[in-house]
Amino acid sequence: MQVFSVAVAGASGYAGGEILRLLLAHPQVRIGALTAGSSAGTRLGDLQPHLTPLADVVVQETTPQVLSEHDVVFLALPHGTSAQVAEQLPDTVVIDAGADFRLTDADAWEQFYGSPYAGSWPYGLPELPVGTDSKQRSALRGARRIAVPGCYPTGTSLALAPAFAAGVVAARDVVIVAASGTSGAGKSLKPHLLGAEVMGSMSPYGVGGVHRHTPEIEQNLSLAAGAPVTVSFTPTLAPMPRGILATCSAPLTDGVSPTDVRGVYEKAYGDEPFVQLLPDGRWPSTGAVLGSNNVQLQIAVDERIGRLIVVSAIDNLTKGTAGGAVQSMNLALGLEETLGLPMTGVAP
Amino acid sequence: MQVFSVAVAGASGYAGGEILRLLLAHPQVRIGALTAGSSAGTRLGDLQPHLTPLADVVVQETTPQVLSEHDVVFLALPHGTSAQVAEQLPDTVVIDAGADFRLTDADAWEQFYGSPYAGSWPYGLPELPVGTDSKQRSALRGARRIAVPGCYPTGTSLALAPAFAAGVVAARDVVIVAASGTSGAGKSLKPHLLGAEVMGSMSPYGVGGVHRHTPEIEQNLSLAAGAPVTVSFTPTLAPMPRGILATCSAPLTDGVSPTDVRGVYEKAYGDEPFVQLLPDGRWPSTGAVLGSNNVQLQIAVDERIGRLIVVSAIDNLTKGTAGGAVQSMNLALGLEETLGLPMTGVAP
Amino acid sequence: MQVFSVAVAGASGYAGGEILRLLLAHPQVRIGALTAGSSAGTRLGDLQPHLTPLADVVVQETTPQVLSEHDVVFLALPHGTSAQVAEQLPDTVVIDAGADFRLTDADAWEQFYGSPYAGSWPYGLPELPVGTDSKQRSALRGARRIAVPGCYPTGTSLALAPAFAAGVVAARDVVIVAASGTSGAGKSLKPHLLGAEVMGSMSPYGVGGVHRHTPEIEQNLSLAAGAPVTVSFTPTLAPMPRGILATCSAPLTDGVSPTDVRGVYEKAYGDEPFVQLLPDGRWPSTGAVLGSNNVQLQIAVDERIGRLIVVSAIDNLTKGTAGGAVQSMNLALGLEETLGLPMTGVAP
Amino acid sequence: MQVFSVAVAGASGYAGGEILRLLLAHPQVRIGALTAGSSAGTRLGDLQPHLTPLADVVVQETTPQVLSEHDVVFLALPHGTSAQVAEQLPDTVVIDAGADFRLTDADAWEQFYGSPYAGSWPYGLPELPVGTDSKQRSALRGARRIAVPGCYPTGTSLALAPAFAAGVVAARDVVIVAASGTSGAGKSLKPHLLGAEVMGSMSPYGVGGVHRHTPEIEQNLSLAAGAPVTVSFTPTLAPMPRGILATCSAPLTDGVSPTDVRGVYEKAYGDEPFVQLLPDGRWPSTGAVLGSNNVQLQIAVDERIGRLIVVSAIDNLTKGTAGGAVQSMNLALGLEETLGLPMTGVAP
């Protein structure tokens, strides 16, 4: 059994920590260098007290020398820094959990990120329908560079893409409201992220189409639809550490029945190991997918007003970040896609 | 200074408890009988341990004799039971925190509640625009019977009604996604409401236009618009005891600018003591309105896609139930509308 | 009715915000200047979004000129800064919510705070027994300087002081374990206070007698006992915004019965408006006192091992800080002690 | 590689669900029958929505026939029911997550449980010191019946037993205060366990030595000490789904230094895979052990008053129940003790 050496750059943050949690359970991985910025020189136990088997590993500075000795490097770095690191790792599989290489449209990048466009890499969402007969998976097998999707785009694109791919909804008045646990904001020391502020409170942010995940969601849905799709996307902050619950809706195409829609989703995800279209009567909850790579989905047709509502639940750090990254790594390395990835949530 | 004697039927539940919390701070009220169903005979301190000044009051059975000796009776009873109690209180101001008298359309009642229609009473949401020049307030002054709005209809109707009254949005593809604290479900002993289930988890319910607050929201918006409005309404359960954050959106009418919309909301709520249109750059949070009768609102225009997004935050038990009830009582009794109602939240 | 002008220095923090929340409901207070450090120049609405009536007040810099124009000044400043401010306010009642003037023992101050000792002021815990026949209250009437107790000392001293004053427990192996909501740590931007870290997690800190509230608790209990008392005090951080639950225990003196102990507490607190010795069978909860100035207490005698256990619940920001401060102000100004102070919690 | 067939009786509750979560990741186990009481006939997906791979398994009634076809049966049943089931499974390894067979003292059982004494089985806490040179582990190898410890006894006994075994603390005035997540109370439909009640609130229960885990803790510590130990044990309910943080203290024996104590704990747990004595300066948190079989420990000596304080953190459902059960199963079956057991927490 081949074992791959893996380094994680940005091991001190939430994304890096979750990547390491998953890698520790991966049977074909040997964890090598852990690097960080200001935390270099610290033992990982001081930064990530839950990663017991790595408690005594000393975090190193992020340099090409340290990283290049590995088969795979995960980047969990601030936006705008991945390109420079990656170009010094020509012989390594690089999987970027940041945003730098997600968008295919340079203008959208510049509008939403306001910094030079770095380009685009294969997009690490294997289950995403691309038209009716294909999925994103095929672009990931054997890839040497992968851009891991954002957490919101993961939950929301998987919720709506099958309907767009099948043409059962119209590309207007698409509305997405999503609630995220506060780990989605990272370990940023900002007053509104303090425990006393977030516990017992919900609030929106990035309202009115200004959140950076908006063009990424639109890119995914447009790819599924084969035509431009725009969305109204409102993210909200929920009093929980993890999880994204996304409520996504769009106008039904004339003549489409609830049975038709259910058929579309069963066809899209019936064979997907990590996407569960729930039986009638059950609804997704973020608690049920906590710590797992699962996506729970349920659909409802509001016949009074002719709209489809799809609700999805993911763990923003697992399927929404680190799980998607490891799943993509498996495809890149030719391993079984589900290897090392949890299919059970930690509940209650 | 006139003092009114007040009874509360249903004193053991969350709505009844919150009504009592507010009445304890009301300068022109004397709290009289507290009644309940299965809890009759118990001291209130065992049921509502936070209501210290009433800890030794013994809860009585809900009977017309007990209630009729008061100037005002609040009903916080299960649906379908208010009519029978109210008709035995002909000389009393009756304020019903239940749903029985909210809907003006008997068919809508029967479709969503599946029980005989009881009729409609003046609707206790004083700030609700009725067309462009009037508000619901006028129907409440001196009223002898008042139906307190549902919690979701309070937060969502106030968010969208000004836009409909002013004609700046269209009555199609109106989408509302709201997150509620779990007290909104009452003290029901259901497994999915256990602390271990709800903490750290979000989930939807009543998806696809089936929640009973849907026709009430539509009634309010239609009244504001002067024409039928339908909505896609999805309620979700959030890991917090109290609060509703509602994200509401609708297509903008052609040619309407962000400035126009802001002007509409400033005009609608500039003089309202409990509705705060926040300054640009600030967003509502349920934490900021906890325990208060306030409604925080913010608006955004997504010009890319031509939709208005309005986000509102209320405390579901205060403005969403008990505060609305006491505010309505003040109007019914000819008192100052804000009397005894908290304008500051309990934060953090 | 006389109205006193009041300023708050440190209006941007949690203590300052809670003082303002209470003052807004106080009938004999006019809120004057609000001052802060780095937040000077900002509108209060940006800093304390729950204090709606003060949203447009601009926070000023903390200077003697600004503060001296008031009858009362509350200080909610970092440790070590109060003395300098206070000495420039000779004609003003100064109520310090910080630690600077709490300890009567200069050595204890220097050992635990490591900075020059400023002195001691009358200690703002009116209900604290001083021996068997007296309480701290008498030292506060008409005082011009008051040191507001720490939050942990408030909850724990009230729990154990009656037993020490009455001699029913021994002054050895006194053990206190207390859980606090995270607002107790203030608005400090530290990683372990981020929402994602604290939600769903409990942890201790300051273990082994090193927490700065240890000598303050010992000072209070020694005063009650009339002899030195030492304690083992362990504070823990709980996943909630507010509240302190303190579990306090000490060895019973020989021959003392459970009835004796109950009698001691009934005598100590039977007439106290803010301290509730709960009836048998009920236990305190921080939820029940949220936002109120109440102290809930319950006692148990473990006859198997001869120890008394007293559990108390307070809101750390209200009775534990701002409520104690306002209660002390009422005594200092000769007002009714309970004026403007909430006796009902905000629950659930 | 041998694979053992395993049944779980009581698959609908929290303990049963966590046992299944762990078994799903165990490489030498095949999950067989799942049984329950009133939930028989239901698909597991409706009861345990996080156990995706078992979603379609229909829960059966708990009968000897169904269970006896397995190599191992886990019992997660109400107290008082295990004996009857176990006696009909003579050829099966039975691991009881309930309390029935934990206590060796029939009188203690009857005093605390008030029902007939069933006897005692080998106690499933492998790391527990038994005197200075032995551990509980040896009694578990090859056992055919195992009593899984209670959750509180697990966290607290491991915290204090080394000190008692080494004689560095005295067996008087031992005080334990522990905070548990609400899953510790099971899926019981009781009002005080509703989400709205527990979020944002802490409260004690079973104060004064009446909690049923008290004799179990005393049994463990007495075994370690080789002499009777009594404890003051106060459990509290914390606003989190999972986790126990236990603060345990006892008087130091004369002449014992902090270094001595640290040596005792290093010796006791230096080779234990699941018990981590943290480096100086770090403190346990329940968040860091969530979902793992780990026990985090830290010790402090309060030299001012001569007491040892030990703080432990476990996940009550994992190490405190299901993890302990699976670990015991591994020993009973002669497998590697750590097999299938997570050593990393799910954080943040």
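A, B, C and D are the chain letters, set down in written order, and residue numbers restart from 1 in every chain.
The working rule: a residue touches a chain if its C-beta (ideal position, glycine included) is under 8 Å from a C-beta of that chain, and two chains touch if they have at least 3 such contacts.
Everything numeric here is computed off the predicted structure, so don't read it as measured data.
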Relative to chain A, chain with the most remote C-alpha centre: C
Angle of the C-alpha superposing rotation, chain A to chain C, to the nearest 5 degrees: 180
Intercentroid distance (Cα basis), chain D paired with chain B, Å: 45
Centre-of-Cα separation between chain C and chain B, whole angstrom: 35
Multi-chain contact sites of chain D, meaning residues that touch two or more partners: 14, 181, 183, 194, 196-200, 239-242, 285, 287-288, 290, 347-348
Chain D-touching residues of chain C, taken from the complex the two chains share: 172-173, 175, 177, 179, 181, 194, 196-205, 207-209, 230-232, 234, 236, 238-243, 245, 247, 249, 251, 283-288, 290, 298, 300-305, 307, 309, 311, 313, 347-348
Residue ranges of chain A in contact with chain C within the complex: 14, 181-183, 185, 187, 189-191, 193-200, 239-242
Residue numbers on chain C that touch chain B, as the complex places them: 14, 17, 21, 24-25, 45-46, 48-53, 55, 183, 199-200, 241-242, 276, 278-279, 282, 285, 287-292, 294, 296, 342-348
